[in-house]
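Have a look at the structure below, then the notes.
Residue numbering begins at 1 within each chain, and the chains themselves are lettered A, B, C and D in the order written.
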Amino acid sequence: MDLSVRIGSGTLPNPVGVASGTFGYGSEYEKLIDLSIIGALYTKAVTPEPRPGNATPRIIETAAGMLNSIGLANNGLAGFKTAKIPYLRTLPCPAVVNVAGSKGDDYAKVIEELAGEDCIWGWEVNLSCPNVKTGGLALGTDPTEVEQLTSRLRKLSSKPLIIKLTPNVTDITAIARAAESGGADAVSCINTLVGMVIDTKALRPVLPGKTGGLSGPAILPVGLAAVYRVARAVTIPVVGLGGITEADHAIQYLLAGAHAIQIGTANFIDPTVHQKVLDGIQAFAVLHNLQSIPDFHQFIE
Amino acid sequence: MDLSVRIGSGTLPNPVGVASGTFGYGSEYEKLIDLSIIGALYTKAVTPEPRPGNATPRIIETAAGMLNSIGLANNGLAGFKTAKIPYLRTLPCPAVVNVAGSKGDDYAKVIEELAGEDCIWGWEVNLSCPNVKTGGLALGTDPTEVEQLTSRLRKLSSKPLIIKLTPNVTDITAIARAAESGGADAVSCINTLVGMVIDTKALRPVLPGKTGGLSGPAILPVGLAAVYRVARAVTIPVVGLGGITEADHAIQYLLAGAHAIQIGTANFIDPTVHQKVLDGIQAFAVLHNLQSIPDFHQFIE
Amino acid sequence: MAHIVTSVLENRPVAQDYYELRMAWPSWAPAPQPGQFLTLRTVDGPVPLLRRPFAFSGFDRADSAASIIYQRRGHATTLMTAKRPFDPFDILAPLGNGFPDPKSGRRPILIAGGIGMGPMLFLAERLAQTPYPGILIIGARSAQYLPRVVLSRSVQTILCTDDGSAGRKGTAVDIAREEIRQEGCAPELYLCGPHGMLAAGHALAEELDAPSWVAMEQTMGCAVGACMGCVVRVHGGEEYARVCMEGPVFDSRTIIWT
Amino acid sequence: MAHIVTSVLENRPVAQDYYELRMAWPSWAPAPQPGQFLTLRTVDGPVPLLRRPFAFSGFDRADSAASIIYQRRGHATTLMTAKRPFDPFDILAPLGNGFPDPKSGRRPILIAGGIGMGPMLFLAERLAQTPYPGILIIGARSAQYLPRVVLSRSVQTILCTDDGSAGRKGTAVDIAREEIRQEGCAPELYLCGPHGMLAAGHALAEELDAPSWVAMEQTMGCAVGACMGCVVRVHGGEEYARVCMEGPVFDSRTIIWT
């Protein structure tokens, strides 16, 4: 079976990636697993300036999920270049740089400055981080803005450009279509859901920033519904994520119309999850005699 | 402590209600629990015409949650009048009729025809049911439509009018403000999240309607974030729900700014949950010397 | 219907993947009837979330005990296999309508398949104490799925397997057809098991112009009639009927078999 | 750091709400050092979801065994109390940096409170085998929280309680101050316990101009440095340091105590 996934000008060796913010830049996990089997490593978000991130605690468990409020903590562009690029050059799997910011210029700056780096396979544009105050709603909630930003970024690099969608919108298909019109090579969804937990003993929200992003098994059905709808609204590939902890979940995403998937929170729980998911996808393909990833899309209308 | 909750022209004896669609019309549970301790019983949705509901299965469990696709199954207005009104007259707690439909006229019709019934305490207008195809998005996703419909319904009855908000929107506070401007006495949130589960053995979505509504513990953080934000956007009372299975969760909602709460899915799991939640709220009030429900709102900014 | 927190008395394997769980039955609680079911909670936490429904497989007022027979399938039933005597057991019961008595002059033919064996054993034992005892036909895929240890000597029982590895070879409905022909009786059918078996039983009943009763299954939410989750399609005015309220036992002619 | 699926050897109560869990240690796995920790998974399912971190309280290469001491608090730790010998035990370990050796001529003063007792017992045993043994001071609210059964005869140990119900009356940091004054030594402080205790220990170190090491706690996601979840505020270029990577042991002067 051909496991490869074509996205724009690039090809991923297999459909199972690891999600931004849950896998660092790879080095953190290299002692635990073989990075060469990873289909795509989506880095922690990179912003133009360094960001210390939010106050603590930054993580709290919820029923079958977790809330995080990391706040795009990263070393900034300069730090990324000196501290991370040399490592990415040695990485045995494709590296997708997750790009973030509070305004369009931020995104443009990151891609412009990194566009020449051969060790970067492509971009994932995080328009949806609910942790950073961009004056209210996330950038990725308005189709017009998304289309404009996408076409601006499109001109800066010929590497695969993936727009990451937030589920916290009325109509995620409208945002996906805007990304497609703007020239995106793919969309990935979903980012975290806005959530909150209150400590009734301390009488305050657990997260100092009050709300955070909900991820993990709890959101699997939400991610699946989003991918199902988005895959029917655009013709570019869809990268599905949200709540995947086992092969069956990843297969659900592929059946729903995804061309690739990402594993996020589950990396924290089982470092071998990636291998298990990849094996499970292959076994499913053999069982149903599927030759390539698009063959997964034939079953569900 | 004064447990009562004032909403518009009415007063509820206590803040702990049972959510629409999870408690029928009350009779189903009367053998199991004392209905007189219920703060408000929100009925299953009533539509002008009878609806058989969706194909089966209608329910599937997810991680710490469940998806449902009941499809507003109900006897319609005429059936409601003959089969349910006589029972509601005997109900020892306030009955709030959950009103649904596929267009504005449907809602108006239900309220108009039932406005004279003394046994009805008030209305909860379900603008958010994701199960019914209203030509794409739910009615309650557009602020202008919500304001217009609310003011139309406002004129039909002086009973408390509660607009129930869907979480499947970009900015739930905009919808809440629209309901307030339209003359709503309160808003309730949240309804279910859109979700999907695929059966990888049968190679099809488990629910024949493909997507369904996600409820239960998994969505608690999403409901809390919504209530927290809505309570800061409007001056009318907010009724909080989503994922409450124990007193601590209900207290989180009250601390977040809710004046009352509803228990949904948890009724299926523990018929005594209502009593436990009410007891827990009272114990918390005693511990912190709170005199009335608004006193819960002093702790969190 | 009551919310009962009782305790496990015994939880033992009775066939491959099948277990019988006996629980103490408080004297104040209504007595379960054959065809009725309970819903139980396996854990206090949110996973598994929903109560799970199981039909009663026996009830003994003298012993103050009721029982179910369950198959290990997914998360909840796997957790159930770990229940030990004196573990608390949180149930809603008895739920649903139960099987009606046979019409006068009719010979009750009880047909059980897979997880449908519980209610059929219960009904068979009941009928054995009446002037109109039935024949119990239990079908399974093969020998190891037959619950030999729970069979009652006072019930006329026929075992059959799809692969012929024990009892007679054939489906329970086929064997029923043979028995009825041989006895030359006017039968009344009672069925519980997989959907296909119920449909075949209904077809047999039509063929013989006999009354027949089927215990239906559907994923449940509330199990008390409130959520409209557990419906099956039926003929007549209402398009759907609730398995937990109008059922689980239905006249097979009211069901829309598709 | 390795992903190890080992087995439980023993799981016994050692004080009220405190348990010691010993696990088999595979010979290929790196040896844990005092101050290092593991993260463990309590169930296969989604609740509790995240791995939980616990410091090593001992390691014995000869016995091929490592141990932790944990307090029953919430869901995961309650599930842990049910672990039995030979149950599988899924851990990531050893994680974090561990305590440094004392500077030459310094007297190690080990101060433990509550769930901080594990790593201090481990460190104390290690130092007892060196030319610079330490004094171990264990503080608890009252007598029943003192883990008497795990104390080692080869370690000079002082017990104290807030209410004076056992050992000396006072906080562990107060008792440390007294001991140091009495001995007239140049101390090096090692602390693990509640945040307030660590801050008080740091203040004492400043007072005495002594080096001091604190093992910090923070809610964790990955525990391998990838998620930036477990940070504490530190002085210097970077505003935050990760407890799981730069820690859990920090020079107390690098921490911003608020």
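Just so we're on the same page, contacts are C-beta pairs under 8 Å (C-beta built on N, C-alpha and C of every residue); 3 or more make two chains touch, one makes a residue touch a chain.
None of these values were measured; they are calculated from a predicted model.
When the partners of chain B are compared with those of chain C, the chains appearing in both lists are A, D. By the document's definition of touch, common neighbours of chain B and chain D comprise A, C. Chain pairs C-D and A-D differ in how many C-beta pairs are in contact, and the one with more is A-D.
In terms of their C-alpha centroids, the spacing between chain A and chain B amounts to 33 Å.
Each chain gets one centre point, the mean of its Cα atoms, and the points for chain C and chain D are 55 Å apart.
Centre to centre, using the average C-alpha position, chain A and chain D are separated by 36 Å. Once the centre of each chain is set as its mean CA position, chain A and chain C turn out to be 48 Å apart. Multi-chain contact residues of chain C (touching two or more other chains): 46-47.
Residue positions of chain B touching 2 or more other chains: 63-65, 216-218. If each chain is drawn as a node and touching chains are joined, the picture has every node linked to every other. Those residues of chain A lying in contact with chain B across their complex are 62-65, 67, 137, 141, 168-171, 193-198, 200, 203-205, 210-212, 214, 216-222, 224-225, 228, 243, 248, 251-252, 255-256, 284, 288, 299-300. Those residues of chain C that touch chain B in the shared complex are 1-3, 41, 46-51, 92, 218-233, 238-240. Of all residues in chain B, those touching chain C in their complex are 21-24, 28-29, 31-32, 44, 52-53, 56-61, 63-66, 68, 70, 73, 216-218, 245, 265, 267-272.
Chain contact summary for the complex, chain A toward chain C: residues 63-64. If you check the complex, the residues on chain C that touch chain A are 46-47.
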